[in-house]
């Protein structure tokens, strides 16, 4: 079992979600984050004072899946989330030791 | 040392927190996320246009704890967060290599 | 490759970001979280009713980096984020198996 | 016809109209995020519902030719005969008076909605409010201002202490008890989701209340100016005393306290504003702030869940105001009024007391019956699941905030 | 000069002024977070731009001595001769009339901005609005109220149905088509980011509209009172019927629907408010709510992206109002007006119809030309990247909300 | 007594009352999330505090029988003799005048609060504001309007340029310096947390300012209409010029700039509004926008932390307005006024200059002393930790937004 942490551009969320659903991913968790990377932020000006804001709004997806799915999932994500421009984001793959479904107490693959 | 990532229903936060505190968990981190899973989202209608919103607001808990505590902690969480209905959420168990307490520089178990 | 999850006080974000940038960290992801730990929360009163709010607003940083950088990064974070008072936060070090840059498809170190 | 008086009443009507959405913001800021729209909607849609009710039957039931001191007849059904000319003895167009009064009819049931916020079914709320307006507000309005028995008795209520505030406060108590506590009562923290919204609402209420109280003079004269002045003073002082009371009681002065105190002061001065002096207003407002602060603490003790403290503020504040009128009224301020206890006429306090009791009793009983019937027909309360998801989504398929 | 009438018009002017920022909130709440400031700014900055235009040339073009029924001459350039004295036959200072009219000139182009929200270049918007005010609003205003051909023809437009609403609604349609759909149209959900803001805006519009419509009587008399009353009724009823229509159509009553319906009702009654009775207002408003609800559904079918439904509400609502005036107008209400079809004068409906068509045609053609030219000079639309980042950052280097 | 004038002043008083919570929103949107309530509270609670001060002693100190040109005596303590009848020569109830003036007394100390936002102790703020109102506002008000030396000297201040804006701007400078910079000054970005709130506040200020300026005519006549017109024009033009100035200076036009410019224009026209023509107002407003934009840039250079730019806008704008009155005043507009430099009377500019200097000097010195004493008694500033947690929690145990 692996956990994919995926940082994407906000407006790509629906595409990625659909791509993953189509692949058989049954659940995912989403949060709003701010990212700092190659993509530049923007300037804000309030009453003549300039502020450089380095962080860009991004969406973070967290998906736990069976190891076999990972490779294909990454492909789908790249396809759906890519615009070819900087700031497209990244996929981080982390190991997961176990999953428990709270409702049923199921563990492991059955709980994903 | 393990990290538990727990997705629960928002109104269960206080119960879970108390349950874990009682168990001896000394710290945790909480964030607001949106989840997609078996639980259906809802429809929104604005000026006649319907939007299907698949994401349901959830709370994500992150707790780092000693490995020995994990089993019991999972039980407590299941007990406190469960309603028996879909959307109750999940527990993901991830390995952690080290912890550092910023204030003191302590590491490992002492830092948890 | 490791993932550092760092919980810090909100107003330390800029300092930490600059410290890490100086070290050569090229990207990071930030989110707003609420923390519960040794640091006490606060009381809120609305129309005579008191509520104890245990959670304190914190910033969570997520940084993926090469293993060799970790030690120094932790030092920098401790230095930049520390105030010496409770609530300074923690660093959690997690293993990462792979990284993919969505835009280019690069993986591993090149993708960080 | 007098142009000055006409502007005055028209502008006052506009100000009172603004109070209803203002109330929506006042209430809306105090609920949780997931219920903000439903709560604001409770006020906003009544602008629609009650306006129609009022122009069709409400105005004639309230101000039509009297039937037995109890209700007006249907002579002015659908505003028949309510035209651009003044009625006898009046200096303003009849229709100006009618629309000014319309705004009062709207806000009264809107006030009640604070009691059942965050859990009432929208359909049940609609039926309840409409029926309540017809069967409770219209008679009460007739009793006091329309030629009914209470006014004939000599009860003083310049701008609606009994008609508007006691009636809605009493209804709120019954409604809160009958609909029951919100899910999670006692364990969940119902934190106000947006206090700046609540304060904005309170500011609009204060602003609009000048029209409510001073406008009730129906002429731009000294009496109107006095009503304006005492309204402002009472609100100001009550904001202060509420804040001071809670500062001493819970250790901190709060902005919600200041906003709540201001409203409490406005409520209390409402019946009195055409009869009392500025110095009396200081006392009336000062006591209102402390009393209503006490009033909101009651519900915790008594265990009903009056979500947004309609009872504590409009009920208690309204009762205090009605009685205070019986204490502080002075013919030196208004020769058409009467003296109160402190000006040598203890009988007035008794008359006021009777009007309070009658209003409460009537509102209690009628509200109870109406809610019982509505409960039977459509059910008062949303399902548990709907309550948990919030009434914005469950009743309206909307959410207040998106990104 | 009459003090009562003077207060009335000045206060009305203040109320109408408030409508423009109110519109900013109404619109601002409906866009996405990243565009909230740019959207509010569209309204707010027009308070600056159009005021200057109006005092320099707009007023004299609109109300100056007539040239061929088409436009006023430049005699009153920079308010020359527009002083503190009343003009002949008037009871209020000339400058009071001028500033009251100024507020109408401001809000009209502000209404259009809903059509191109979330994607228009700020510079293009500024130029467009200024030129549109000069070349479209001023002539139209002159035609109807300034001594031009349309008024002479007998077209009835008490407070701006053609001048304000049809003109802006027509312009909106052209603008929406010419600037094109927002990025992601069809796939992205454009959820309103802050509906309480939208409702607050609607409340301020409703409040200000009393000044708009009743103030147009220019005197605090029975006619003003009637205009006030029918305005309130139409808005109230339309809020209800819109909500009922969507309840039946999509299964839920919405707060955005209530707010939209209220505005639709206000739009529809605008030309009629000085000529129709309260009972007619119920019908006019009731139909407006349903019609405009249908109107907003149109755009999905026809495939233009009128972001905030200016066409559906101001266009459709304005046309309905102008025609309704031709149906329901009655000299019993206003002897200076005319009877409509239902009062035995079918000719009036034809006159109204002609005024609608003329206004639409004029606005269509002129808007098209102006936008074409502006597009050539500076380009109408922000870059794709700027649209994605939002116009707050890309046009103004600001963000609406920070922590 | 004149009904038209009475409505005018009462409605104006209501409008000015609304400015204070409007200011709360204007300021509240500019601070960080964690300080929003404390900032709004600064304005809101002064409605309570100053009202009480005013009815007890403020009014009589300001408008009571003169003592040596410096202050009024206590004859009208607790509004003794301030009744429903007009005073000699007046056309409105005495109490209407009193309450209109009360609203000015409230907003003046509220303006100062922008200087020490986000770090002042609530108790210190309360004491400071109360004492400042008594020892600074009341004398100044008396000097200019109450029969004191400045008015006798011939200084022109129609609606409060010196009394309200220069006095508060000067106090703000001292306060900002004495309380010191906010924690993190120079390194932390103090981003406005909610600009739509700020713009809403600016809109309410603009709206209320019609009452402030036109209402100061105390009669619904041509002069009032002129004051209304020039107020609107100045605000509009200043919004434009500020935006243009920053567009050229920093590359982008901002909504905060438009809102700030509007307020700057309102400030500048305040003393002049009863004496200058619309064309002069264009110039006054146009310069105000640019000047105040320069004014807010000053603080960065000079290194004091006037959090919300009270000095830059009310100080600089007020000074400009007072001097502009000495330039543009014309007896053609107001025969009871005087001509300014541009109308052949250079002496007036000198009188205005003296009034500016005297007001500033008085406010500087008194503010300094009061703050020193308050600092000794309770301390001006919250603890570092409290500042970091935010004053909402530390001073009021509340948070602005919850979910």
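Lettered A, B, C, D, E and F in written order, each chain numbered from 1.
As a convention for this text, a contact is a pair of C-beta atoms (placed from the backbone, for glycine too) under 8 Å apart; a residue touches a chain by one contact, two chains touch by 3 or more.
Everything quoted here is computed from the prediction, not taken from an experiment.
Student: Which contact partners do chain B and chain F have in common?
Tutor: Correct list: A, C, D, E.
Student: Quick check on the interfaces: A-F is repeated by which of B-D, C-D or A-E, going by over half of contact pairs matching?
Tutor: Matching more than half of the contact pairs of A-F: C-D.
Student: Please compute the C-alpha centroid of chain E, do the same for chain F, then give the distance between them in whole Å.
Tutor: That pair's centroid distance is 33 Å.
Student: Could you work out how far the Cα centre of chain C sits from that of chain F, in whole Å?
Tutor: 45
Student: With centres defined as the mean C-alpha position, give me the chain B-chain E separation in Å.
Tutor: Chain centroid spacing, chain B to chain E, equals 51 Å.
Student: Measure off the straight-line distance from the CA centroid of chain A to the CA centroid of chain C, and report it in whole Å.
Tutor: 18
Student: What positions in chain E touch 2 or more of the other chains?
Tutor: Residues 2-5, 7, 11, 191-192, 194, 200, 250-252, 254, 256, 397-399, 403.
Student: Counting only residues that touch at least two other chains, what does the list for chain B look like?
Tutor: Residue numbers touching two or more other chains: 31-32, 44-46, 94-95.
Student: Strictly by the criterion at the top, what is the full list of touching chain pairs?
Tutor: Those chain pairs satisfying the definition are A-B, A-C, A-E, A-F, B-C, B-D, B-E, C-D, C-F, D-E, D-F, E-F.
Student: Give every residue of chain A touching chain E within the complex, in rising order.
Tutor: Residues 11, 14, 42-46 of chain A touch chain E in their complex.
Student: Which of the residues in chain C end up touching chain D in this complex?
Tutor: 44-51, 53
Student: Along chain A, where are the residues that touch chain B in the complex?
Tutor: 3, 17, 26-31, 62, 64, 94-103, 105, 111
Student: Which of the residues in chain E end up touching chain F in this complex?
Tutor: 1-7, 10-11, 13-14, 17-18, 21-22, 24-25, 28, 36-38, 40-41, 44-45, 47-49, 51-52, 55, 78-79, 82-85, 92-93, 95-96, 98-99, 102, 122, 194, 197, 200, 395-403
Student: Tell me, which parts of chain E touch chain A in their complex?
Tutor: Answer in residue numbers: 184, 187-188, 388-389, 393, 397-399.
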